[in-house]
Amino acid sequence: MAKLFYRYAAMNSGKSTQLLQIANNYETMGKAVQLYTATIDDRYGVGKITSRLNIQRDALTYDDSFDFLAQDYQGIACVLIDEAQFLTSEQAQQLHRLAHTRHVPVICFGLRSDFKGEPFPGAAWLLSLAEDIEEIKTICACGRKATMHIRVDGQGQRIKEGPQVDIGDDTRYHAVCAKCFYQGHAREDTP
Amino acid sequence: MAKLFYRYAAMNSGKSTQLLQIANNYETMGKAVQLYTATIDDRYGVGKITSRLNIQRDALTYDDSFDFLAQDYQGIACVLIDEAQFLTSEQAQQLHRLAHTRHVPVICFGLRSDFKGEPFPGAAWLLSLAEDIEEIKTICACGRKATMHIRVDGQGQRIKEGPQVDIGDDTRYHAVCAKCFYQGHAREDTP
Amino acid sequence: MAKLFYRYAAMNSGKSTQLLQIANNYETMGKAVQLYTATIDDRYGVGKITSRLNIQRDALTYDDSFDFLAQDYQGIACVLIDEAQFLTSEQAQQLHRLAHTRHVPVICFGLRSDFKGEPFPGAAWLLSLAEDIEEIKTICACGRKATMHIRVDGQGQRIKEGPQVDIGDDTRYHAVCAKCFYQGHAREDTP
Amino acid sequence: MAKLFYRYAAMNSGKSTQLLQIANNYETMGKAVQLYTATIDDRYGVGKITSRLNIQRDALTYDDSFDFLAQDYQGIACVLIDEAQFLTSEQAQQLHRLAHTRHVPVICFGLRSDFKGEPFPGAAWLLSLAEDIEEIKTICACGRKATMHIRVDGQGQRIKEGPQVDIGDDTRYHAVCAKCFYQGHAREDTP
């Protein structure tokens, strides 16, 4: 029985590495996978899934108008979605329906909350619908598990206002634990 | 280090039983707990946490205007919240902040999505912020894991429109797996 | 597809409560379950599964010579085993085979290690074979998660030698975290 | 608080990839890690941790006589152990004690059971002691989750007898689900 999986994590935890490993596991067994990433994420080029271990693969891309149910999954054993926090709530529902009405497992990798501590809408829907939720863990500079993010400016000063999505250099974001998030990392007050 | 926990499940899985067991575990060790449930849930009386195994305890109640950060947690080793899907998004944030700035573990029990398959806002926030997420499992009539709900009318016919919250007799809701949800349980078409 | 589940925990965490809740969930849906507990555990009478929340049910019993594959599971939707640390390694294999060749889900509840920090053989096999492993959490007196046990004598002094199994009053055992276990709880040296 | 982690999986699931990713996560934050693998595993050379994604790093090695408590962990933020099923039960205890008395997190990656369905002793101890257990999932050829292994000879015929450890070409082992394991994969009878 196909399911919807959500693998969530803070930034810089190795989500893309796990995605590429799972793709490799399927392919080693002679099964085909379909990879997707968000058009908006152009950090390493559009349509690239890039691991921190210096592995990269091409992927199809989705923007807000993309309809996952309108695609052909003939012969596909698994759909793998990177940067899933950029899915719309409608797309999250499409992927859930894809798993359960067309019997293709869908494994999504993404964040949960933004630099203000607010949920990404697509991620909130995936967390509400997925049959299988797991965390990919990484650590805060203090040694605790990182679950939140902070955004910093060019001088390393924490920024607390601004749009939810601002694709930029990875150094603009730090993954932090909740305690550091509230204490005001980067010499800032509690948000 | 205190954390925010979310224990999610479909209806009729035994969430309240686990909550009452954890309260008992703390109290057996001489530690005090604070119990809360939603004012709106009056199925067994207001301010009652009631297990399917016929155990019941009094609890404090919260409605949408309740401020969890304005309460006194002196001497409290753990805060336990039932029916947490009725929390507002602001209250979910308060409970996260409570755990991390005042160092009281907060364990919330609740649903994820409603009878239309849409997230409860408070639950979506808890899923996005909690450091520890676990599922309390139960089964669909078909034998698969139940993760969704359907609402039925007095004649057992499935209802697909209406307000998200409609407290009523437990027989008005069935916990189902996603496959049965989409196939249209109760002799209905796919929603 | 039926699976073997292991729900492990330290003592006094509420394992039997969860077992009885799952039995209730199945029965509410009109499905029959088969309950087993260890003959050797006579704390509340032989053949009784007793929850710390004062709920009790009768169960079939197994001793070391019991053969789970020789039983009839006609009409049984789920087999639930309490005190599963007392299973022999052979019985753990029988239960795994039962799930996969006769398609009956088997859910076992038990400890992992004894008061010397050594695995119970049956538990070690269940942990090695089960398709689904989950921890039922409880806390040490220090507030951390309890994962180990210590045995004390009538004066509350820690005992570090003796047979693995010594059924007795619950007050003879404390569930502790690993740090307290090694530091020598009960004013004792490191084991 | 440091903990002992066990990340278990069937063969060919990508354990080494995750280990190398975690090492990278720590090092990106300016923290040092200590890597170990089993001397006996010489598939890619002794003292090499090799990912299926073609990444390789040097590691220290352990054989049965190695004493983990006799090493110096000054300045080490995390100890990462590959092929942990080859640890002795004594070494598993050393690593648990290392985490809790010297406060170094220890993350072990390994199998659970061998081609006969019997636990690896070191793995059974890790599963019994670890504070944090997670499965790295991969699939059987039939599409279900793989949790067991079979060994085949040069002609692809299943072998059911022989020593537990027989390091060889990866093609000598297949990761399978329990149902295929008992049904007798590779045209064989039920074991």
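Chains: A, B, C and D, in written order; residue numbering restarts at 1 for each.
Going forward, contacts are C-beta pairs under 8 Å (C-beta built on N, C-alpha and C of every residue); 3 or more make two chains touch, one makes a residue touch a chain.
Treat the numbers as computed from the prediction; the structure is a model and nothing was measured.
Common neighbours of subunit A and subunit D: there are none. Note: the chain lying farthest from subunit D is B, by mean C-alpha position. Computed centre separation for the pair subunit B/subunit C is 27 angstrom, with centres defined by C-alpha atoms. Rounded to whole angstrom, the centroid-to-centroid distance between subunit A and subunit C, based on C-alpha atoms, equals 38 Å. Chain contacts: subunit B has no residue touching two or more partner chains. Taken chain by chain, the contacts form a single closed ring in which each chain touches exactly two others. Pairwise chain contacts in this structure: A-B, A-D, B-C, C-D.
On subunit C, the positions that touch subunit B within their shared complex are 12-14, 17-18, 20-22, 24-26, 28-29, 51-55, 77, 134, 138-139, 141, 143. Subunit D contributes residues 1, 4, 93, 96-97, 99-101, 112-113, 117-120, 123-125, 127-129, 131, 133, 135, 144-145, 147, 178-179, 181-182, 190 to its touches with subunit C in the complex.
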